[in-house]
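In the two complexes below, chain A is the common chain; its partner is chain B in one and chain C in the other.
Moving on, here comes the complex of A and B:
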């Protein structure tokens, strides 16, 4: 062979899962080529077959899965023809995988050092040398104190550190192909940024080709050379990443990109676009174009004639689109009109919620753990307060304090519509309880799996709205319609619904008693972007109709920005910055907010100088003295930050920042770094 | 806007055949495919049939004595031989499952009900309630069943009811422990918080919200306990604290005949012992199958 073979080549790959005694196609004649040293991304919504591709490459399909056709070649070697021993060697030597949840990829009862050296020993390196190589590998993934990390167990490391170790293990055998399956999905934005930086740097040091699987378009656009959009087990579009995202040529890609709140879009500027309908079920019979049922541009031809992968004339390189009308893809009409009237906000109305000096201290192994410290906020009717911060910053604890699920420390005050709320739920009046409800992050946990949807919603109507009989039935119909479910959803159990539909049930339940405040705890983090858009639209509609206030918790800043009127940035249980949404995003902002904003990957690669946070979020049992953020602050002034906790001081009306740096100086400092709009 | 909003009114894609079944139906179908379960079930059904209809096909009256033919070895006439007073062992073995198959399941049922209630209370309230009840239950578990039985018999007199109560109460803490563990896990799920946010009573939350979700471990533990209960009933009868003569009960028969083994009259004991063993094995196989079906 004169020319080096491609790193990975899939030819007409078809994979089926056997479910209910029938083979159901998951991948349909998939063709895909990854060149040596190339980073290729596969994107698509859940259920489109992304992970199945990854598993097929190393023939790791679950027991009911089988490759029903086509060929897989790794470095020119036919994977399908390998015998057990050769396959084992290929898995050990040439391909490595990094999965979404590093906590599950590492053995919880074996020290990191042992797990890592084992890989070298398997490759025939002797004990001493192997442990030396392990240390070197940890250095390579930028772990500053490898010797101590080697001695620790996985649970003693943070999520970001665990994922670094998982990457180190994947790189240990110097693979020619690295498969990353949603490697940053469970991580905080700041940690995600670190891990992505690391992968980017390693790419330059190593020759490995990368197959990067993600549902996050912005992450992909940052990391990869080429991208393939997967839909119902078929590639619908492929091309250089920037070209595809800037100039998509398939209606599905166009629609996916439109679902994202972009360019600082806000709820009063219109609704997000959605994709109607659902992904075809696995194994369903597809006659024409798989996307035709959800595509507003579809014609009779699309329904009957399966489109081939058209090669597009484009100067950006080889581009493919599986659409008969790829030239017109961008004229796809919106599925949701954007011109929904913005609710007029009444600035003068009195606050519906006032919180003064709220504290919560847990006892952790005899040490006090200040989960929430001295938090004061207020919220007007019809407004949204967005809570942002990394995990462990106290967002969820704060929400549970408000709801009375957890009792705060003595001394704080929560006032609902001018009346003080008892600290514990049991001592609050029925009216107060129904006035404040919650939509939880995970509907599988929040909806009782033993009960039907009808039972779930009507129980809430009975308890919260005090309805029964005919009145309950009538209100049930209304409520179900207002969250855009239908009567036929009522008879089923939660497990029979998709994630988005389940979240609608949870929203219906929260709205049963006409609440004044609804806490939304990461309500869309488990959902696909198209479903997320529909849920955000629904929340915005309900808010303008019912004049309800939201406390909206999310780690996705674009999502928070879309829905919020006010933003509170939390760090180690303290408010670091509080103010109107526009002011917080426009800056000047607290250095922590600045770092959070710059950590978010953007779709358009307008690379700006980024601010990276070093080190770990300190333990809340032992917070740093002075300003709690000083250990990671890129703009630390000096000893004053270590000794004195800065007050939360108002810099402009309604906008407060907890920082020693004077406001004017922050403004000049941050002007140097051009802050781009979050994607 | 509902006409235009996408995923809005659309029904979810038609679920396929297997996913339309509820989780319990799923378990039921997987039980039907489990060889272990079916074998166990066959044995148990056989003995239940004997208990219900045994007297119709037993060749002799199990209680009729025939002193002249006492201690006759197995023969064409008396397949399993006869005992000290000439009763037909085969007929006695067939009918002998009746008492044990009433007492053991009732005792298990009592244990399940009491254990589930205790487990729900301790797992739901946690804290001091849990600490106190759990310590008492542990102390209770530390006392051997035989001692409890002796005490109960002294206090209540020998009767089937006594046996049911004694075994039921001694097994309740074990079931309570399993239920408590399951409830503690459920307690952390958000639907419990959602119930609190509707001001539901503790009883509603325990029995309507949580209980349906902890049925699987309860079913598994119940079938396992049934095997132990059969063994316990047989033991108590053997010791004379359980089922009383003239019942042809297996444990009782062994107890009144085991002195004969020395004289070479093995048939008076062996078949009863095999019957007990087969029933316990049958129940345990079925329990294994149930456990497997729930944990697949």
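Moving on, here comes the complex of A and C:
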């Protein structure tokens, strides 16, 4: 018997994009092999060529991309030699792909059912039989009401449902190779967990091999057998997932892992490590090791002699590292000293912000939509309040209310440093406006593209701090230095800067008027992990220096945990749990918090049983009666949860939970699930 | 609202045009008293507001007033002329829409290849030429030199459908040229966007034949904006024909307005312009309606 061919084999694959009349290399002699039934992960920062690998395999490169060398074999069949018809058949029969942003991947003007049945028609099944198969497929991806979903258009489904449909479409032809390109990026943590669960379950039911592309190391560690780390279009390390993540042998992998806040790390326990410098631009000439410029271990040899993929002789086997000094990789010195960024603070100072009974009701098609309901929080100087919750939980609306961008309903109160704040921005005093600033998720749309960085920051200094002339220049220099930008950056326009640098400019602008409170709305979610670490460090440093408070909104719980002193968990506009960060994470938690926490994929596989939330977040126009969470609550008691809304009751000093289950009982219930805190 | 503003502007514009209506009708040698008497009987010596009020009220009731020059009701003139213009527009429309869309689609499918360059450049260069230039050139080529087509659009009395069509081909060609580049360009950019979209990638990676991908997945999404533009352009096709109709001596609404403006026949002028305004408004409304019918996101709303 002959050995079955590998599911996917890339041999010396080189791909180039034509930019400015020149072919620029994106993938450089890439070799990788995925065995039958294996799940292989490809990780790396944006721009390293991950998606290009996926698109090359299905031969769907952008117009300016071309395969300049090497070979791709799917099930032993050379993809590059296929003619148009054979390629179409290969796509129809043996390889499928699911990618980011399912909302765009589905045709907006065709019903879900039709988009599914056309796949079966391709295989010669039509009419009723095709519909039947489609329903079965939707059942398989755990869609509860397939018949009605078949009748809908994509925009009528939530993001999670859309991705399930996309997965159903990809699996409909029972492919031997499934490519998942960032399939959960942009989805809520709970939805992400559901989709990952689904993929995990399907893996056992199907025989498909998987190429899983992600920038999220934790997601990968949960899903895949082997992992390849891609850097500048080359594999720099490869091996079994656990081995690579627990015992990385390339400085880049080491550095990447150190950027993540792990094991409940907090800002007062030291800074995160970062990776200095940038990925080499596409098509750049690489003489020695591609990572040498950013590597603290690099020697002269690294700069001149390209390292081969060394086969590591150790235990696990099949491990590769493209580093001359792979034995020493883990001795990589920190790029950022870990000295404590933010000292733990004493809890005596009076609150800088007090919010009491804040409500916001929108009108939606004539129905009241309670976006924020009865929210009360207070924040001390130099503290961070983290807001967590799924999309639609009211996080952003709450931030807008604070900033005065929308007016709250009558009756609530916002107090800044003891003085009441007018509901609307226009009626707030200059000092009050200055005192509260915001940093947005997407610095691209927040910075005016036609002005230089100097102009952008100067203007903020003029407007917010009332500075001019020499004083302005001095403060500008100061501010630029404190966000770790250099003089060189001042002359350029935003588009010439990377995402991380742009976010620094946005931060500098927010800090121009010496604010008391800065609202950070997902400030790092568009950034790579190494850049995210640098921004988090910066925020922590600025906080300890300026004694500023943050309202920090993020869907990444590890990030929230790193920066926050207090955490508010929101669901349908209500605070479900509020307390000191450590208490909220350590538990006992509200059942919703518990579910959110268990949804987060963890790098170190210490994961215990995950709590699944059934169904979707209910519509805020028609919230469930009683406890708003009862429709999805895994710990629902009974009728009381459906009839009576529980109060937000203080269980320990400063830690409040909105649940009918008594605190002590929650503690017993969750004991099995809660992990001991690492010391 | 737009129509209301338009009616006021039309009315005021008509009044501000220099000249005395009675004098214009009776000629420079008429007796001043006769001029005054005529002005009085026409009602043009009343206050402006009263004149406007009675005019708009009558217009709403379907009475477009009485022509100063022909001394007969305006409505039949306007309706006749509108009918003629619509015939011409229909011919141009039937020619340009399929060919324009086809041109755009072909250009997009051959992006950056010679065929695309020819269609895009050709479309663009004929679009920037004004109708009277292309009109005259076409008359010279087809009417005078080749003698294939009649140079006047005025068909003989009792002409049948095909004869009328024959007479309308030449006048509709300049319109075709003006709109072709425009429609082709919209269709082309819509196609390019749809071809680059993720859902097209999904469709291709499903292994659907290229033809199915284009027909089922690309075209509908690609042509949505184009269809809206075309519907808006029908307003132009009917109302923007002054030059063409004059050039081809065609009794449409454009030439009616032109004649009325020269003769200071305000009731005709005002009724004509307001009618064009209504046509524009209806065309735009129809475009919006069509768009919402074709686009499930608008038709069904975003509620789940």
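Keep this in mind: the second predicted complex is superposed on the first by the 668 of 679 C-alpha atoms of A that agree within 3 Å, B and C clash if a C-alpha of one lies under 4 Å from a C-alpha of the other, contacts with A are read in each partner's own complex, and residues count from 1 in each chain.
In this section, contacts are C-beta pairs under 8 Å (C-beta built on N, C-alpha and C of every residue); 3 or more make two chains touch, one makes a residue touch a chain.
What you see is a predicted model; the values in this text were computed from it and never measured.
Undergrad: When the two structures are laid over each other on chain A, do chain B and chain C clash or fit?
TA: clash
Undergrad: Who touches more of chain A, chain B or chain C?
TA: Chain A has more residues touched by B than by the other partner.
Undergrad: Tell me which partner A:445 touches in the superposition: chain B (first), chain C (second), both or neither.
TA: The answer is first: A:445 touches chain B but not chain C.
Undergrad: Applying the touch criterion given at the start, work out whether A:58 contacts chain B, chain C, both or neither, answering first, second, both or neither.
TA: second
Undergrad: What is the contact status of A:389 with respect to chain B (first) and chain C (second): first, second, both, or neither?
TA: Neither partner.
Undergrad: For A:91, is the partner it touches chain B (first), chain C (second), both, or none of the two (neither)?
TA: So A:91 only meets chain C here.
Undergrad: Considering only the touch criterion stated at the top, classify A:484 as touching first (chain B), second (chain C), both, or neither.
TA: first
Undergrad: Could you tell me if A:169 is touching chain B, chain C, both of them or neither one (first, second, both, neither)?
TA: In the superposed model, A:169 contacts chain C only, not chain B.
Undergrad: What stretch of chain B clashes with chain C when the complexes are fitted on chain A: 147-155, 183-191, 201-209 or 219-227?
TA: Looking at 147-155, 183-191, 201-209 or 219-227, the stretch of chain B that collides with chain C is 147-155.
Undergrad: Help me check something: in the complex, which residues belonging to chain A touch chain B?
TA: The contact residues of chain A facing chain B are 19-20, 24, 274-281, 283-284, 294, 335-337, 340, 403, 405, 425, 430, 433, 437-438, 440, 442, 445-451, 459-460, 463-464, 481, 484-486, 488-489, 493, 495-498, 500-501, 509, 530-531, 534, 537-538, 541.
Undergrad: Which of the residues in chain A end up touching chain C in this complex?
TA: Residues in contact with chain C: 58, 60, 63, 84, 88-93, 95-97, 99, 101, 104-110, 118-119, 122, 153, 155-158, 166, 169, 173, 365, 619.
Undergrad: In the complex, go through chain C and note every residue touching chain A.
TA: 111, 197-199, 201-210, 212, 216-217, 220-221, 224, 294-297, 300, 302-304
Undergrad: Considering only the defined contacts, which chain B positions touch chain A in the complex?
TA: Spelled out, the residues of chain B in touch with chain A are 1-2, 4-20, 22-23, 189-191, 193-194, 196-200, 209, 212-213.
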